[in-house]
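Read from first to last, the chains carry the letters A, B, C and D; within each, the first residue is number 1.
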Amino acid sequence: MRDVPDEPFPGWDPPPYHVDDRGKVVGAEPGPRNNWGRFGDLDQIGTANHLTPERVAAAAALVKTGKRFSLALPIGPPTPGGYRSEPLHFYGMAAGDGVLGSGRGGARYPVSDDYIVMALQASTQLDGFGHVGGDSTLYNGYWAGLVTATGGARRLGVHHLARGIVGRGVLLDVARHLGAEHLEPGFPIGPDELDGAAKAHGVTVGAGDIVLVHTGHVGWKLGLAPGSPEATNRSEPGISTRAIPWLHDHDVAMIATDTAACSVVPPEPGDEFLTWHVAALRDLGLLVGELFDLDELAADCAADGHYAGLFVAAPMPVVGASGSPLNPLFVK
Amino acid sequence: MRDVPDEPFPGWDPPPYHVDDRGKVVGAEPGPRNNWGRFGDLDQIGTANHLTPERVAAAAALVKTGKRFSLALPIGPPTPGGYRSEPLHFYGMAAGDGVLGSGRGGARYPVSDDYIVMALQASTQLDGFGHVGGDSTLYNGYWAGLVTATGGARRLGVHHLARGIVGRGVLLDVARHLGAEHLEPGFPIGPDELDGAAKAHGVTVGAGDIVLVHTGHVGWKLGLAPGSPEATNRSEPGISTRAIPWLHDHDVAMIATDTAACSVVPPEPGDEFLTWHVAALRDLGLLVGELFDLDELAADCAADGHYAGLFVAAPMPVVGASGSPLNPLFVK
Amino acid sequence: MRDVPDEPFPGWDPPPYHVDDRGKVVGAEPGPRNNWGRFGDLDQIGTANHLTPERVAAAAALVKTGKRFSLALPIGPPTPGGYRSEPLHFYGMAAGDGVLGSGRGGARYPVSDDYIVMALQASTQLDGFGHVGGDSTLYNGYWAGLVTATGGARRLGVHHLARGIVGRGVLLDVARHLGAEHLEPGFPIGPDELDGAAKAHGVTVGAGDIVLVHTGHVGWKLGLAPGSPEATNRSEPGISTRAIPWLHDHDVAMIATDTAACSVVPPEPGDEFLTWHVAALRDLGLLVGELFDLDELAADCAADGHYAGLFVAAPMPVVGASGSPLNPLFVK
Amino acid sequence: MRDVPDEPFPGWDPPPYHVDDRGKVVGAEPGPRNNWGRFGDLDQIGTANHLTPERVAAAAALVKTGKRFSLALPIGPPTPGGYRSEPLHFYGMAAGDGVLGSGRGGARYPVSDDYIVMALQASTQLDGFGHVGGDSTLYNGYWAGLVTATGGARRLGVHHLARGIVGRGVLLDVARHLGAEHLEPGFPIGPDELDGAAKAHGVTVGAGDIVLVHTGHVGWKLGLAPGSPEATNRSEPGISTRAIPWLHDHDVAMIATDTAACSVVPPEPGDEFLTWHVAALRDLGLLVGELFDLDELAADCAADGHYAGLFVAAPMPVVGASGSPLNPLFVK
């Protein structure tokens, strides 16, 4: 076999900190905008705390026509801009096999049973709080070392969000507001763009809202020729770190975009690739949705002028997971 | 290697039928109770057609307190009564690795990314219409041979249900109604038990309802010693084939139980193992939910006397799949 | 969710043949060059029958220096020219987790345990006889319908080859013989090239030989810039259908190349993409190896002038599989 | 969803050591019997160093009749005594689908393509040196923290053994020597049993030998009723820690048994569960084989009186893996 060189290893020194029996790095500090401790010292669900029963009931009351939208990408076709290997879908048994006399039931009882192998964040998805940390810490000061292959996310697992993300969904169609079919890759969305779209739509973003930012990016990507430079380019429009205070001030429960990274790619000057994720996930404990498909909803909102509705999304309750596929629903 | 004998093969004769270009077996007939053609000749979503916008809006209006329930089992712990291999959950990257200097970001940007390998019906789940057929046909007369390893479910894939199952959920607590903590394995639930529970609860099952039948079975199973005869026994309480006309007459949109098979196991005299599934999935095109965990909801309903609420469940839109994990939510 | 259109379906008529209880399509005929029935009516291992104990012993006697070569590609780096998704390698437990206090043993007993998800033919591999057939039949007249998702390869599974491919390996360095570092994509290797290389090397290909044809293709591919047109192009040098009689006349046990398809791609005029595979696998029952890495061995043979040695490769005995990864060894 | 309680966490203190840029824990010490440094400070293949070309050539010369044995268990049937989830074998395409008109080629070119999901150590297998360590170190003083989900085994990956384990195989039939069809679970095999069997067989274990110890255990397990207490019991006969000096003194290249753990289970008094593995893998860098199926070979050796032959086993060269399935061949 041809040689597979070992990667250089720089050595390793033990970190200077200790971890207490709550799983917190002793002395760790969050960034200036943060929710550490706000929802309790042992809180593991962050801004999902904003989804109070009262707000859930108020969101349900927004439903008028009962028209439903799925904000998910189909799982199967290639995922635009995805960072992970494509899901593999297998039939362990296929009903057609019965026609061929295979299986216990044969043609009399044809049975199908299928499996999926997928990155939990390969398609439309929720970032869990174990997904990205900074300086050895995760949301609320939990230690990054709590997430291991052996133990999974020993804290902050996505299963803590099993009761779902239910509340008032607000679509901010930044692309339409700016007169674009889709925002250019690299276009940063800051407070001005968010406020501008909200004002144009006649909605006010409030505490506990699920903010859905339409850039048109994923729909545009889906129309590109596979393998073309534009299709393989990772640049995306997305949320700026300048919007972090806005998200914090408004007590937004969730932010989601129709892009792979939610944050703008490449990052703005002064930021690194994960700066936004650290601020959102680690510091704020903010629910972050990615690869939402908002085109159909955006067209409908533009048509009827109603940008708020009932949003419901329920993660797969994989114990100790750091993310989950979502099929988010929006009901008007 | 020790010998692995080939299984005997009985030979094979081609079937006598033809399949038309709609994918229908020419001349195929459903059972006496059926919805073939009712929702259109090419319909692929069966009783999901009962979930009209009006009914969705009416269901949303049931929400009073905003109290939420997840009806899912956690994915990770062993699944009681499951028929499939347990899900495998892997971390391709774990935040803890960053503490060990592994990964691009090291301890500065610890990143987790995880994968799941699972049978789509391994836990709380929805049966798709490709899952079980009878006499070489699936729901609405589609050919069982349409479901193959190569092509997936070329018709009736679960992705057609992407917009979710949203409507009025009604809990029928048959166990409590009959004064049992859990129904005995093998106990069949027929129209009398369903009507009796509904009457006791003061609810009337109507068109488009999502009927959740609480047997207490899964909760009981979870408390058994692993490996004990009761834990490994496949017998379950469940819905009788005698309830098929009831489900049809009431235009129920979905039936779900806190058992692995929904139907009673072993089947009642005169039925085979899959008789109920053929009648429900193939003939009615009925949405069937399994391994729901209804204990918490049932206790709450018993406490407040309200057995109806908003039910929302969104399948993973895996193209051509024959089932999907669900994290069903119930909102009061 | 955006629409996922159903693929058109042309309808289906039952085939005109019957399958007997041996699994044979009644009346099926192989191509003009074939081994159907030659090794027995129920034979499932094809030209592996040429690997008689006497030939194995004679091959072992070729070993002089004990110098070993692995002809495998490493599993992990991208596979050049691969037709399948890349293998996924996961750690369910990682020794490093023990350093983080995770796992039963912690740092005292750090334990690793890893998993692979891979196409059995994703890297250096053996084609099983279930892999490709023609006109509804596989090798020896077995019915293609014997291979199903439910039952696996009910006949011709690769586990029948568990005792391995052991015999005289002969390297034919067609590239060097023709003065090329690597043969051009699309270059067809016929009897003249095989005979020419053998003559130049001073070897005579005989019954039961494992013939390894060096084209230099995979090594060249590995040196290309990822994503470049040459890297993504599927064209390859490879074995011509004109070589099928040569392989048959010489009673070759196995043919393997350092390309993804073994056969030349695109196929020569008059051939379809799978014509060669049908002739080799279905008609001859020939062992076919793909994605072998022969560069190191070829350089050594050129240096010492010895082109024959002991070849040993043992498939993973996956019951009912249609292929297997191989780590083929060559010992001089 | 019912509550999934977090596991208690005891806190974490950073370890007191440093790791140098070779990946070695500074100041780490092996057990009294060890090969640290013996094959070079940066050696990653341990006792595979004993497999010199001369010994390989001498082993090849042992081949007389060319009779071959596979020492693998089939992959598919349940693995007796396995510690891991069973492999999953999926057809992404099945030739039978072509009969149903599915796939590009339809019945004209039926194609199968299959996948495996498996623990690398789920069946007959080789332990890599990343598999088990002690006191934060692996073989040759490498740091356990080098093995992570993100980076795999950054040192000591099983791909370093790609050239295979080729040498003189010696079967020690301890069961037959002691007059047993199979050794009792818990029976420890020490130097006396190994020497006794060797003497009875007329073989002398020498440097570089691959020692195959037949206990009859796996064959016995395969005959038990599934689910019976004996079938689910984890106790096994196996190698005693008292045999570690014997293995070291004889410069054995590999030890393998027809049991799941190689070492005796439960361990002898004074040992913990992994004591033997730490001594073998971490201290000696000894190749360890598990779940070998030796019944057929043992019967043949008893019949012809020849207990030595050519052994060949080639791991799957998964880069950075901590183990590999093996299909070991033995040629007489």
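Please note the rule applied: contacts are C-beta pairs under 8 Å (C-beta built on N, C-alpha and C of every residue); 3 or more make two chains touch, one makes a residue touch a chain.
Quick caveat: nothing in here was measured; it's all calculated off a predicted structure.
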| item | value |
| --- | --- |
| Contact-richer chain pair [B-C vs A-B] | A-B |
| Separation of mean Cα positions, chain C and chain B [Å, integer] | 42 |
| Euclidean distance of C-alpha centroids - chain A vs chain B, Å | 26 |
| Multi-partner residues of chain C (at least 2 other chains) | 1, 4, 10, 12, 15, 70, 72-74, 76-77, 88, 90-92, 94, 96-102, 111, 115, 117, 143, 145-146, 148-149, 151, 154, 159, 162-163, 317, 319, 327 |
| Graph class of chain-chain contacts, one of line, ring, star, complete, other | complete |
| Chain C to chain B touching residues, read off their complex | 1, 4, 6-23, 88, 90-92, 94, 96-97, 99-100, 102, 115, 117, 143, 145-146, 148-149, 151, 154-155, 159, 162-163, 317, 319 |
| Touching residues (chain side chain C, partner chain A) in the complex | 1-2, 4, 70-74, 76-77, 85-86, 88, 90-94, 96-98, 100-103, 111, 117, 145, 148-151, 154, 219, 222, 227, 232, 293, 295-296, 327 |
| Chain C residues within the chain D interface of the complex | 10, 12, 15, 52-58, 60-61, 63-70, 72-77, 84, 87, 89-92, 94-101, 105, 107-121, 128, 130-136, 138, 143-149, 152-153, 159, 162-164, 166, 272-274, 278, 310, 312-323, 325, 327-329, 331 |
